[in-house]
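Read through the structures below before going on.
Two complexes come next, and they have one chain in common, chain A, joined by chain B in the first and chain C in the second.
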Partner chain A sequence: MNKKIKQALIEIVGEENYTDSLIDMVSFSYDASEHSHRPACAVWAETADQVSEILKLSNRERIPVIPRGAGTGLSGMAVPIEGGIVLDLSRMNRIVKISIEDRLAVVQPGVVYADLEKALAPFGFLFPPDPASGTVSTLGGNVATNAGGLKGAKYGTTKDYVLGLQVVLPDGRIMRTGSKTMKSVSGYDMTKLFVGSEGTLGVVTEIILKINPKPTATSTALATFDSLEDTGRAINQIMHSGIIPSALEILGRETLAAINQNTDLNLPEVEAMLLAETDGYTQEETDYQIKKVIQNFEENNAKEVKQARTDKEVKDLWAARKSAYAVLARIKTHFVLEDVTVPMTKIAELLKGIQAISEKRHIRIATYGHAGDGNLHPQILYNGYDPEQVKRMEEASADLFKLAIDLDGTLTGEHGIGLSKASFMTLEHDPVAMDVMRHIKKMFDPNNILNPGKMGLEAAPGAVR
Partner chain B sequence: MTSKYEFEKKYREQILKCSRCGFCQAVCPVYGATLRPALNARGKMLILKEVMDGKIDLNDELIETMFQCTTCANCFHNCPSGVEVPDIIKEVRKDMVKVGSCHPAFKGMNEVLDKHSNIYAEDEPEDFERERNKQAEYVYFIGCVGSYREDESTMATLDLLDRLKVNYTLIDEVCCSGVLEDVGYKIKDHLATENIDLILKTGAMTVITGCPYCSRTFNNKPQYASLKEKGIKIIHITQFLQDFDFNVKTDKRVTYHAPCDLGRHCGIYEEPRNTIRKIATNFVEMPDNRENALCCGAGGGVRGAYAKNSIAMARRRLEQAEEVGAEVVLTECNSCVHNLANAKLRKQKFKIYNTTEFINELMEEAE
Partner chain C sequence: MIPEAALKKISDIVGADHLLDDRENLAEYGTDATKLEFMPDAVAFPGKSEEISKILCLATESGFPVVPRGAGSGMSGGALPVKGGLVISMNRLDSILLIDQDNLIARVEPGVITAHLQEAVEKVGLFYPPDPASLNISTIGGNVAECAGGLRAVKYGVTRDYVLGLEVVLPTGEIIDAGVETMKGVAGYDLTRLITGSEGTLAVITAITLRLIPKPEAKRTMIAFFPDVSSAVQTVSDIIRNRIIPTILEFLDRLCINCVREELGLSMPEKAGAMLLIEVDGDEELVAREVKIIREVCNLGGTIKFEAASGNEEAERLWEARRNVSPSLFKLRPHKISEDIVVPRSRMAELANSLDELARRYDLPIAAFGHAGDGNIHVNIMLNKENPGQLNNAKTVVKELFKKVIDMGGTITGEHGIGITKAPYLEMEIPRAGLDLMTRIKKAFDPKGILNPGKIFFK
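Moving on to the complex of A and B:
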């Protein structure tokens, strides 16, 4: 970073909140994806005014700014692929206000999801999306990526809870969107435009979140299936039975086998396992729901069905699902965790297609995920130091994206486009939609300083990797 | 491919298994105090990956992160990929010492132990008003922090052992020097030999340590293997005390801080609680306890090298004690007591003790 700009940044944030030291530059080069690139420097902002001053400077000097929360994203959104300034927001971590009466919480972007959860617990409330990285991911990151989680089918994703934002635009102007009301149709929904915009349009400096009362009872059941068709039919039947489970998770054959090889859980090696949780406020209510779910399992030739009767049994039933990520993370040196999503009637086809891709590309793909909202996580396992395996991984990813789109699905249900899927944007979005997105980007950020290189917004129209 | 560094030979696969998920960030005490991702386990593993890829070298620029880890192992316990971060860090520090890039505090500590018998270079040991090196059933091994910084607590511990009529002796102990293995150096053979000879001369078949780290060193390090070969058992005082009845009670609200060296590193979680429950009717856990206990910030040489951050880590732990309304914070490690006591704010009214000291105080009051 040149001296003049370094000095200007230090004047804005203070010496202790500026760094260009090697160790910071290396750690800010990465997120949880396979991408990396070093920034020129990083700053920790503590106020919206500081963010505004940083953006004014960067806009004037045409320096990329990459907003960052906890850096747990899985598609390279926080990777400074064109260098520039990493704007770390994790020190803006104040819960500004909790108003149970108004059913909302106002937070700064650096608040960790779990810290809000802890703060809401005494009131019996929660912010429901429950991302798997919730102990570490920040709410700003959740908003920027429109994070989802295990409970998407019943409770939706981050976007369903963001009532309003304070956003700093690339030219430094500070704007408020939305309101503190449960409903508002006043003007364009600018709040939603920023949710999931991956830090390409503005920097979120305050978030108004709708919060929910926390269900106090749950019931849990599990079923195994010998055929993917039966599994698919069971999922569909459950989801239109009138019951919406708070979780409906699936583990595929490869995942079950991997867990068995690496733990002593001794899972049945079947085509698929489904795990369902229902929630509510009385045990009668949740048991009634889970019975319906079990009935649907049975009507679709479930091989084995178990319902948890004790806390320990609940834990046991969840053990396989909870261990999936960790088990798969240990098998090879590298993995890519995808999040393609399809309409629920297409889940069986998606699972079969993934198996076919795995065979065709000679690469191990283990699948699990959120059957209740059609969002699966095929985890492609490979050795990143073997160019041949890297090539096969890339080919398998491309096949997978094409498969999802062919099944009327989407490239990404909850991880975002970032760098990983940037070149596939045109596969999903038609030229008109791409053109509109590029115009929106240009309107907010004419000099392309905010998180450049992401979301395929700069690629030539129609380009597919 | 030939590896330039020892750490790579031993831990290459481990380091590559870090999937960069960042879950360690949630539990790293250094990150918690600084909110600086370069200092947590993921940051460290990424830097080491770049070293292995030949992009950077081990050099002075890496000291601030590689030597700023309390080796509390909370990251390892929460790592989906099972990366053994503390072991990797200890090996990297040795490599860094070899290339001449070491934090001056640790270089100094190594030099001190060449010339002196303890890490503080104190030449006049506290005699604790007791005869040393006598024949006895047990040796009580105090450790450097207990001898030179928390001597009041040690005196109380010894009084308690007397009250319980334990047949023990002190020895002219020298630093076990185990800490050197954590900060890039090696245990001093001459110090180990001196301790072993002194222990053997007493005829004791059990060594009770006041310091969990000394206990780990005696139990696990090859330099002290001859103790075990001679059938000598080494236990921490918390393991020893669990069989006693004290016949005293307090109704004060008591909480327990598990030292990393006793908890995550040795799996000793219940023994101290069993003892505390005997004496405290109003026992309460802090939100992060047992294998999730927050580190006090003193370990891995961080207290000496990065005092400000070390105190900040201790403050985070004490905030939890405050949150649960504790009047008494008990722990089982002089380093923890020392660091927590230094970090305590005036508005925080609780007292911090080793369990032994607290029990002794209760017994004294009862007499």
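Moving on to the complex of A and C:
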């Protein structure tokens, strides 16, 4: 970083909040995706005013700024692909206010999801989206990517809970959107435009979140299936039975096998396993619901159906589901985790299509995910040091995206476009929609300093990856 | 004014049978629920999105205003042709294209009446929760354009929460598909939600994909009277603190109660200073448990009368006061100015005090009722518009009310939109940077400013 700019940044944030040491630059070059690129320096901002000063400076000097939370993103949106300044928001980690009466929490972007969960627990409330990375990911990152999670089928995703924001625009102006009320329709919905915009339109410095009462009882059941069609039918039947499970997860054969190789959970190696949870306030209520779910399993030729009876059984079942990502990550040197989403009736077709891609491209793909909202996570396993395997992984990803779009689905249900899917944006969005999005980006950020190179908004298709 | 040649082209596009341009038939398309009147130059009734695309191309070329219109039941003037031009009525685009029970989605054209969609999905055991008070006449297209709310919003949210995708025609004539047919999707900017609630100023909506949910098995209705607003508001907070989010949590103040009692002869406690209408839904187990807790919470909160309906008929009886409150207020004065402000719920008692104070200071009856569960209160300033003194005072009350609401961290409109009636006040709520961005977004979508001009942005 040139001396003058380094000095200016230090003046804004202080010596202790500036770094350009090699070890830090290497750390900031990664997130949870397969991409990496080193920044020139990184700063930790502690106030919205500092963020504003940083953006004014970089806007003037035309230096890229990459906002960063915990770096747990899976599509490369926190990777400083064009260098520049990483703006780390993890020290803005104050819970500003919790008001049960107003049913909201006001937080800074660096608050870790799990810390808000802990703070709300004594009141019996929660912020429901529950991303898998919740113990480390930040709320600012959740907002920037519109994070989802296991509870999506019943409770929706981050956007359903964001009531308002404080945002610093690329020219340094600080702006509030939304309000502290449960509803508002005054003017265009700027709040929702920032949610999921992957740090390309503004830097979020405060978030107003709607919170929900926390259920106190749950029931859990599992079912195994020998046929994907039966699995698909069971999912559909459950989702219109009048019961919305708080979680309905699916684990495919490859995933079950991998978990068995790495743990002593001893899962049945069938075509698919479904895991359902119902929630509520009394055990009678959640048992009543889970019985209906079980009935639907049975009516669709489930091989084995089991309701977890003890806390340990429940814990084991969820341990199996939650271990999938980590277990699969260890099998080969590298992996990409996709998150295609299809209408619920197309889940069986998607699973079969994934098997076909795996065979055609000679690459291992293990699938699991949120059956209740059609959001699956095929995890493609490969050796990143072998160019041949990298090529096959890329071909398999491209096949997968095309399959999802052919099934009326979307490239990404919750991980975002970032770098990984940037060149596939035009598969899903027609040229006019792309044009409108580019217009919006240009209007907010005419000098393209904020998180450049992401979301396929720069007009060179196929340039990334 | 629409140039003669352009009018001829519009007639060719939609067919002469689907164009009105004789003055006596135009009047009904120049007004809405605000009762304000503006005369359009013509009204077209297009039958498909391609026709709308051609009309918008033509309008952008020759520069005449185009105003999309659903049922005209809007409360803020969103459908009014304030600068004349062409009204395009969505009446003919009224098909339910798809109800997909497996994927829990519906796809509809914008002219479908809200109640018709609800009936159709309920027949197959599904549920479309948004229920604006106008649902028997309002259209889904209008609901999306205004982001309509309703009584059930406290539990189920507003229209925005159910819109998954849109087909829209941009002012330049291009047709785009925004959003998804899946339960989630984060690819690119959220154009769907940008267009939802944009009051027909960014694009004309021609098809809508909506999320549906399973219909709850059971529901129970309750009514509770309190001596004053603050004990009612405290009870609302306590219900939520007990981790119950009712489907309905409606509120009536003393003035409303008195009007309804006199008009309908309902038996309501003389001392009642506030009324809550509460409804919960879910499976039988859950509903029974919640009724029990709500009864306890109301008793602890000092209710002077509590009733839980045991059947549909009784529930209907409990609903009577809430359903009739709006028309019964006209016994106070012949006209009303109705606002739909929202405050954080913890400030509701404070708001009620302010309303009393404003009513005294400006000598006008102010009746408040609405959605206590989400802090969205319909404030009705009653007056005789023929009396210039009262009209002036009412306008001052509106301004002071908005100032108070914004000071409390609230918003000037929860579900009716800005339109023209609130446009002069938008600046009070939205900071300069925000307004600036909104104006630029408008300009990017609609460079010639032909689509629903004169709305949202004052000037």
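Simple rule for what comes next: the second predicted complex is superposed on the first by the 459 of 465 C-alpha atoms of A that agree within 3 Å, B and C clash if a C-alpha of one lies under 4 Å from a C-alpha of the other, contacts with A are read in each partner's own complex, and residues count from 1 in each chain.
Throughout what follows, contacts are C-beta pairs under 8 Å (C-beta built on N, C-alpha and C of every residue); 3 or more make two chains touch, one makes a residue touch a chain.
Just so it is clear, the structure is predicted and the values come from calculations on it, not from any experiment.
Using the touch definition from the top, say if A:Ser29 reaches chain B (first), chain C (second), both or neither.
first
So in the superposed three-chain picture, is A:Ser186 touching just chain B, just chain C, both, or none of them (first/second/both/neither)?
second
If we overlay the two complexes on their shared chain A, which of chain B and chain C does A:Thr367 touch? Say first, second, both or neither.
Touch partners of A:Thr367: none, neither chain B nor chain C.
Touching A:Ser197 in the superposition: chain B (first), chain C (second), both, neither?
Touch status of A:Ser197: second partner only.
Considering only touches as defined above, state whether A:Asn142 meets chain B (first), chain C (second), both or neither.
Neither: A:Asn142 stays clear of chain B and chain C.
Between chain B (first) and chain C (second), which does A:Gln307 come into contact with in this model arrangement: first, second, both, or neither?
Neither partner.
Give one of first, second, both or neither to describe whether A:Glu284 is in contact with chain B, with chain C, with both, or with none.
After superposing on A, A:Glu284 lies in contact with chain C but is clear of chain B.
A:Arg330 in the overlay: touching chain B, chain C, both, or neither? Say first, second, both or neither.
A:Arg330 sits against chain B, while chain C stays out of touch.
Is A:Trp44 touching the first partner chain B, the second partner chain C, both, or neither of them?
In the superposed model, A:Trp44 contacts chain B only, not chain C.
For the overlaid complexes, name the partner, chain B or chain C, with more touching residues on chain A.
Comparing chain B with chain C, the partner touching more chain A residues is C.
Same chain A residues contacting chain B and chain C, which ones?
none
State the interface residues of chain B toward chain A in the complex, per the touch definition above.
13, 16-17, 19-23, 25-27, 35-39, 42-43, 46-47, 50, 56, 61-62, 64-65, 80-82, 287
Using the touch definition from the top, list the residues of chain A that touch chain C in their complex.
It comes out as residues 99-104, 123-125, 145-146, 148, 152-153, 156-157, 159-160, 169, 173-177, 179-190, 192-193, 195-197, 201, 212-214, 216, 236, 239-244, 280-282, 284-285, 288-289, 341-345, 373-375, 408-417, 421, 425, 428-430, 432-434, 436-437, 439-441, 443-444, 455.
Please name which positions on chain C make contact with chain A in the complex.
Spelled out, the residues of chain C in touch with chain A are 100-105, 125-126, 146-147, 149, 153-154, 157-158, 160-161, 170, 174-178, 180-191, 193-194, 196-198, 202, 213-217, 237, 240-241, 243-245, 283, 285-286, 289, 342-346, 373-376, 409-418, 422, 426, 429-431, 433-435, 437-438, 440-441, 444-445, 456.
Spell out the part of chain A that touches chain B in their complex, as residue ranges.
Of all residues in chain A, those touching chain B are 21-24, 26-33, 44, 70-72, 88, 90-91, 93, 110, 112, 114, 118, 133, 135-137, 325-326, 329-330, 333-335, 385.
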